[in-house]
Amino acid sequence: MRLLLANANTTEAITELCAAAAREAASAGTEIVPATPRFGPAVIATRAENAIAGHALLELLAEHAGQVDAVVLAVSHDTALEAARQMMPCPVVGMTEAACFTACLLGGRFGLVTFGGVETYRERIAQHGLAGRCASLVGVDATPGDAVRDPAEVERKVLAGIAQAAREGADAVVLGGAALAGMARRLRDASPVPLLDGIACAVKLAEALVALAPGRARTGSFAACEGRESVGLSPALAALLRDSA
Amino acid sequence: MRLLLANANTTEAITELCAAAAREAASAGTEIVPATPRFGPAVIATRAENAIAGHALLELLAEHAGQVDAVVLAVSHDTALEAARQMMPCPVVGMTEAACFTACLLGGRFGLVTFGGVETYRERIAQHGLAGRCASLVGVDATPGDAVRDPAEVERKVLAGIAQAAREGADAVVLGGAALAGMARRLRDASPVPLLDGIACAVKLAEALVALAPGRARTGSFAACEGRESVGLSPALAALLRDSA
Amino acid sequence: MRLLLANANTTEAITELCAAAAREAASAGTEIVPATPRFGPAVIATRAENAIAGHALLELLAEHAGQVDAVVLAVSHDTALEAARQMMPCPVVGMTEAACFTACLLGGRFGLVTFGGVETYRERIAQHGLAGRCASLVGVDATPGDAVRDPAEVERKVLAGIAQAAREGADAVVLGGAALAGMARRLRDASPVPLLDGIACAVKLAEALVALAPGRARTGSFAACEGRESVGLSPALAALLRDSA
Amino acid sequence: MRLLLANANTTEAITELCAAAAREAASAGTEIVPATPRFGPAVIATRAENAIAGHALLELLAEHAGQVDAVVLAVSHDTALEAARQMMPCPVVGMTEAACFTACLLGGRFGLVTFGGVETYRERIAQHGLAGRCASLVGVDATPGDAVRDPAEVERKVLAGIAQAAREGADAVVLGGAALAGMARRLRDASPVPLLDGIACAVKLAEALVALAPGRARTGSFAACEGRESVGLSPALAALLRDSA
Amino acid sequence: MRLLLANANTTEAITELCAAAAREAASAGTEIVPATPRFGPAVIATRAENAIAGHALLELLAEHAGQVDAVVLAVSHDTALEAARQMMPCPVVGMTEAACFTACLLGGRFGLVTFGGVETYRERIAQHGLAGRCASLVGVDATPGDAVRDPAEVERKVLAGIAQAAREGADAVVLGGAALAGMARRLRDASPVPLLDGIACAVKLAEALVALAPGRARTGSFAACEGRESVGLSPALAALLRDSA
Amino acid sequence: MRLLLANANTTEAITELCAAAAREAASAGTEIVPATPRFGPAVIATRAENAIAGHALLELLAEHAGQVDAVVLAVSHDTALEAARQMMPCPVVGMTEAACFTACLLGGRFGLVTFGGVETYRERIAQHGLAGRCASLVGVDATPGDAVRDPAEVERKVLAGIAQAAREGADAVVLGGAALAGMARRLRDASPVPLLDGIACAVKLAEALVALAPGRARTGSFAACEGRESVGLSPALAALLRDSA
């Protein structure tokens, strides 16, 4: 099985970090195909960047349509997830979506711990329909750069965030953000509740969807594109809009 | 006051139709500045097109940043609305958002009548936080092309949709879709409940926001972009990401 | 355009304070017509007073029916708003309703800062269908009297409340309560997020509704009164119940 | 125990109908004290009338404050219920509130069958926090007058409404509206699900609250009135605003 | 009237404590019939124990089917409540359900104070449809054993919990947990808001339901069992599954 | 990997049907261990039977604790799921839970088609927090027996139910009920939207959870049992209550 691991920002190092986490989670026989967009924000930290990255991500996916069995979106805001799901002829899974749904299988309510602000996560979780199962959103005062410079201090802060989430009712905690890929495994023993890594969860759910082969919608708002015309898009993307069945 | 009327698809005729509706609604002293994106879908009919159009729209807005007092998004899915609102140094209003909020000022629950499927409108209204005030979503079996070819028949269908919405509890009805711009005024007398045109509502709310001058967020997820780096974006858009304060 | 600015308590000073805020917000060409009820509570601070004031307010509105183009309710609980909207032959806008809906056009979630308890605001916001967009309700320990006696201290407390709301996720803050009319403008520069004044917002939205002229419901629970009989009401109110079309 | 049965409209016949239903439900030892407001709508059929009736009802209750052990509001919109509850020194129960809460004790979701429109009932049930337990709202095409003129035909329509509610998922059905007082008992055998009469339920819950004697809030928005000043109210009502502890 | 007071754990002392509280609340003429299951957990403190106790409770109820007029479940998680309600030929009321619904008749939002964790109460209240009316869940750091050993200290902690709930918006407070039966009466005078005892509330509501005699569902998921076959159940329970009409 | 496939009713034929579906879905290397409870209902069709089956299922699971890597509950009501999850030292997945969460990964809203009534599914989906993502619940007029006697006719009815769900907005459809195990694969080509089989989904999610090894909660309401005493339970179950860590 070939699994496209698509970053939505243009920073190769993040792609590589996520690809490593994906490979660790992948079953034998699953090949991870990492990919980075041609254009867009270096890192997605604002709403504007996220919207721009949506196009970049779809262009990237279109390059691989038909050549992969599933897609994992390696971007914590699940950028353009529904659009990718509708457009692509294979399953598409978002990393935060995957971790939140997996967390629901482990307890009652879950928490999410991330770097920086939490409001856009609150919105994304609500869009996933999971607001009622989210007990706590904790924004840790740290940056991806800090995680490289002083990993021990950052992990201490993340653990404090996990403890807070557990106190607020979380039975499991999602570590949100591509920059935290891989950290869940390291902190697991020190955590009072199960920890979930978005990339790992997304890889397993993508594998599951490929195995289930539930078919594709031929009607409704997730049906494939047919005959959609456009201007100025990449050839692969324009072609997919004309026919993504 | 200069008010940017930004279409999100590349079809000039839609831009013009909406600009005409905007001019009709605008106060004396409000100049409508119509604009069409450089790239993207001819018409937005799928989730993929909507995501792509988000980037196109932000690029378009960036060209006008600092030169207009407010922006009206002339696209019925309120495409990239929150991103535009965060990025631009002036108020931004979406046409469906505007009509739905205005409808709330006229009664208890509202309905929305549009061409084709309604599920993406259901999601957008929920994202606006108004699911509890939406009584009815009616998809009329007609296309924008039909509206040009046989307007009388299409208006008959839309009126039937309005009547259905009223029976289902709507105290006011939003006509959703840029292609229906201007129709509300023609059907008003025949309707059992108030009718709202997205463009007209958005123009009035944009004017109101400019007059209120409530300030801009300096914190949180709607604060201006600062120092965001990117690759391969238009100069104006890249510049705005670096500094949109 | 004549815009009735209707207080719901019997304190003229509040009517005047709100009328001043309304005049400041009104467009050229909008005449503000202030009015105070004949009977009822001096200040509305309890549920019982609010219910009584509903009748007083409707009696007051009935006196002006047909002579004004729209009504702004200058009472922070949006007292009898839906009843007034149903009864009057012109648009009616509540000040808190207006500010909350306007706040939604500026960010994701909003906060409300007021004097005293917040539970009745929580209920009112939920009735407006906006519970999901309200991040924070902050009750400042101050009274309208304090605002007169020691405005600097009260403004300091209100700013602290605004900061708390922003920390709790508010992208914009509504200053709730007729007694705070006008304060938003003074505190705007010191606030980390946009501030909204209920009276100003209501004036702008009322002007917008008059311009939009969306029609009036002829069916449903907001249709005009027809042939409703009553005992012991003011002649104008009784007449309006008999025919408010 | 003395139980005030307070109508909110000025039609004595409705007061008597409800008083009869109340007496039938009351325990031995419970005296029903029927009362009709001095002013207000003859029948409450619009939002405006309901708001006016709120004042009339509170004035009526104030006359009896201290002389009754509990109050049942014999008005299907639970008019001014929260205000009365806050103001009165004894328990206050609304008839629709009572029937809906009782219905919750009998199954999963309930339905409500009434004459005419259902939207205001939808709102009231949501304000009671019970939207999630309401499966069906059915408006029967009949009037209180019809119920007098052709009771058999009206009961046939109501039974059809009950059957519809059961099909839509109701495990119990509330008959809404003072004009239907007493009908539940007659239709019970013919109904596929339990039927609830608002007056009967309210009487039983009021008796239960008196027996439980849970105390009264000394803080929050349901605390008694203290020192509230007013103009032009009835002496009893004005006195109660000054001190309802 | 014979009212079965059914404990769901096997600790007779709890049955007796609850029976005493029930007798204190019961009307003259109501006989309290206490009962304890034959098997199951000594105390219900985990999800597994609660599920097991559900069977034990139904077996216990089946022994009394036809011999009692109503059932009160003396277990704070309202264990197997819906199942019991469906199976038994008489009304069944849960103690926490009863207290929460009663609290709704006294104010806007309620709080619940209990020993230990609150998450399962949060879920139960949501299942009752009352999440929107619950302001506060407070878990006091104490055990049933503590309440016997040092009642004064435990009551001090409970009062602190009540005060916290009131600060968080509760207009009335439910004391949750069979081990707190009877405490509400003792703390009432010291509490800023009304206090509700689950057993007392359930007794009064059960008496009310018996008096109302609203009938029984003949359709839907609360209809009686007919012809349900089973293996290895107690004779009374197996018989009731075959015919509980 | 050993995966316990636990039926909750006592009908071996259902266990075998589900085991066959599980084996078809299982990865190479996953051994399916089917199991049937010692006591309880032959088929779960009522609330009472579901509660009883909860105990039977936990007893069954306790027999296998420590000997399997994960558990799939082969019962469409996800009977005692949370209790099993809390008690067992390995992941536990419910079949309807699994299918609903999987459906969320394929589109916006999902539908569920089952035999008979849908209200208990509505409740279960709401308890899973997915009410907002459920577009349609369709109860087909057929029984498990019909599916054996006239499979073609039953499949025709199920397809009609699927089509209805799609019209009502479902982007994917869950076939609910152990008796429908395996049908999804047969109807997939004829369905306009993806079809999901609960057993297959649960097997894949259980395999994913075992691979992810996210740890176990040491705090909160899903922490293992410690020192819980009981009376009259099976030795294995009693032992697990004493220590399930």
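Some observations on this one:
Every chain is named by a letter (A, B, C, D, E and F) in the order it is written, and numbering of its residues begins at 1.
In this text, a residue touches a chain if its C-beta (ideal position, glycine included) is under 8 Å from a C-beta of that chain, and two chains touch if they have at least 3 such contacts.
To keep track of the chains, here are their UniProt names: A, B, C, D, E, F = Aspartate/glutamate racemase family protein.
All values derive from a computational prediction rather than experimental measurement.
Under the touch definition stated at the top, subunit E and subunit F share these contacting partners: A, D.
Summarising the inter-chain layout, the chain whose CA centre lies farthest from the centre of subunit D is A. With centres defined by CA atoms alone, the chain at the far end from subunit F is C.
Put simply, the C-alpha centre of subunit C and that of subunit D have 29 angstrom between them.
Taking each chain's centre as the mean of its C-alpha atoms, subunit A lies 44 Å from subunit E. Across the assembly, subunit D contributes 82, 85, 108, 119, 123, 132, 169, 171, 220-222 as residues in contact with two or more other chains.
Going by the touch rule set out above, the chain pairs that meet are A-B, A-C, A-E, A-F, B-C, B-D, B-F, C-D, C-E, D-E, D-F, E-F.
For subunit B in complex with subunit C, the touching residues are 25, 27, 82, 85, 91, 93, 97-98, 101-102, 104-108, 128-130, 132-133, 166, 169-172, 184, 188-189, 191-196, 200-201, 204-205, 207-209, 211-212, 214-222. Every residue of subunit D that touches subunit F in the complex is listed here, in rising order: 108-109, 132, 169, 171. By the touch criterion given at the top, residues 10, 38-43, 45-52, 54-56, 58, 80, 82-87, 117, 119-120, 123, 127, 220-222, 225, 228-233, 237, 240-241, 244 of subunit E touch subunit F in their complex.
Residues 118-119, 122-123, 126 of subunit A touch subunit C in their complex.
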